[in-house]
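The structure under discussion is supplied below as structure tokens; questions concerning it will follow.
Which chain is which? They are A, B and C, in the order written, and residues in each are numbered from 1.
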């Protein structure tokens, strides 16, 4: 997320109660988790094994739970609980804005776009031209939708990332990472009924031009889907995975987080993708998924075990 | 879909810019994709390998991309892009009608039927007597629902078929086949929460009398389900499959398109059905699914591979 | 379900047309299916093999389809169709109450709780303080929600149990067991978008403190989930299963009914749990699920079948 106006590191140190170390003249221009960080951003780190990654990242302001050497041109905000400091900044600059009507007055809706009854369109949402948003859709704040997009009933766009930090010492152990990212849907996308598209934690969840989703599809936080993909009913993709152009996922396929499915990959129904996939028309099957032809051979081999057993037993006679 | 009044082939040729070949006196009485075609219907074909199937079908008017010999009593509409011509006719005779209220004035709702708040009931919908439609359900135009039907919250009835034609040369590669079919739900059906039932492409998606669906069930376009079926939560059935009476599908089962599940078939949880199934109480399991007892044996055989390996190794000593 | 005031067995015999056998002075204080029965409750039994279980249960009033010896201090209501008698009592004391507005006047909503547009809150619902209920959520009657709970759009809380009695002789074979239980959601729970949480048949479906559900999760009737569980997107849990504290279920996991998943169990994505699981950090995988490490070994063994085959063939030469 980018801020509307830059924020001084002094204000941030004061707001979070952190100790300011390093360059005290910086202005932060946004806030991002480490995976999405850009120059000017605030980010946070609370595990020593990730210190180096964060300190050498593009982040300008780093909230950290130990006073370490500050790289030149960066600012450290040292506090015992960087996660809570990060969340407090997110909540300050992206507070929840209650809605009083189904369609927020701050939403903009393009010419020729039809919004059916019962649909909720949150604050600062932008919808392009000639879209058709069916009944009882829910579109959270800051979502952006291109032209000629069709969204079927019951679909939810922009729900929060499923992202928590465990605090074993508390009665309620999971501390919510507040999401401040968006969902961006490009032109000519169609989304079926009762799908769920989570917003990014700090960056954007994206559906590329011409991509089509069947019903009951789940797209996790920060997933980036390319152009002209087809996802059949019941597909679920976990957070931050990249799906390149022209990928086809058949029904009930599950895809793990942080993977890359390369251009043109095809995954057969009910497969579970646990590793990144090569594209170029390669086809995958199984849970865990593998090359589909290899999987088919494997299924035949399994059926031959009794025959093999008999051969071995015979030779023992 | 049937037209309200028959349409002359001259009007159709003119409307689509097609060349009229064969009988120029015909009147078209409806429009259907090839799987559902009836006498009087318009249909279309754009692959040479399907020409014969379409030309010998019951269709009276055939939109085709090559001038071929016209069978007697039929009319050809020859055009370079039959798909687009077909879609343009569908859109002309079944245009999208925007809704201004949650319950359309053209919907008819039987005596004793309770519609809870937030539910959308589209144009020309017919609902029988003594039904209970819970809150935030979405029922698209032309759906027909019998008596004593219960539909739980969040369910979507009549969303579009997931059916596209690929146009590799375009930036947005998938061209939508506009659906003009309906969903027909017979008496005593119960549908759980957040289910999705797509309309047929040109024919009807049907749920037979007494069939019960748990939550989050997906029924694809043109699926015909018989009487007294039970589908547990998370079941997904792809387009145009026929499920006969008294079929039981347990949780998260997926069924491929164009299959027949015969009367009384039982499919255990998480199975993936890729072939038509015999019924009569036969039970199936696995992904891909097979006879459940055979599958159970197979699972045991897999566990015996190490033992088999050891036997073979021993004999090598 | 407990009655608001106790009901005499005479009234019950008269209401159901049953013959009263045994203690005719009893007052029934509630009604429950056999799994949840407490002293004072009415329960029912219609299979001889379950007679003993029901007659020796805590139930005070037993609706039964045969005149048997009545245990001391209990009352039998003898009728040819105990199921129908039970359902008629449930419907009498927990009739469907139509709603006229999205938020029922009998619902109570705590201070600081935000309810977004399009959300339905049924009769007698209680929601705690500082909750955030997003748009187009549906909350059925009698649901109870604690403080600091977040519920995302499209989620349905309190839909009916998927529970039917088969009547093969009828045209519509499945007779609905009317649910009169509730859903109870404890503090600090977060529920994702388009989830479905069914009410209990007669007892409660419970989500314990600090538990977090991702999107499109299904929780069956009477499931009891402990504290600080994490269920990823697409998880489905069938009726009356107990999930203890700190259980983690990854994406698209399915869990069968009537099981116990002990504290700290972890189930990997797409697994199908058909048996109760030990906890303590044990990890499971597969459909049917097993110890994850054993499953991984099994997957490797399957890949070695061709090698084994070759060894056996060689020795035959």
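By definition in this document, a residue touches a chain if its C-beta (ideal position, glycine included) is under 8 Å from a C-beta of that chain, and two chains touch if they have at least 3 such contacts.
Remember, it's a predicted structure, so these values are computed and weren't measured experimentally.
Comparing the residue numbers each copy contributes, subunit B and subunit C share less than half of them at their mutual interface. Superposing subunit A on subunit B by their CA atoms means rotating through 120 degrees, a value rounded to the nearest 5.
A separation of 31 Å divides the Cα centre of subunit B from that of subunit C.
Residue positions 118, 136, 154, 194, 216, 234, 252, 270, 287, 302, 305, 308, 312, 315 of subunit C are each in touch with at least two other chains. Subunit C contributes residues 114, 116-118, 132, 134-136, 150, 152-154, 187-188, 190, 192-194, 209-210, 212, 214-216, 227-228, 230, 232-234, 246, 251-252, 269-270, 287, 299, 302-303, 305-306, 308-309, 312, 315-316 to its touches with subunit A in the complex. Interface residues of subunit A, counted against subunit C in their complex, comprise 96, 98-102, 118-120, 122, 136-138, 140, 154-156, 159-160, 162, 164, 170-174, 176, 194-196, 198, 216, 218, 220, 234, 236, 238, 252, 254, 256, 270, 272, 274, 287-288, 298, 301-302, 304-305, 308, 311-312, 315.
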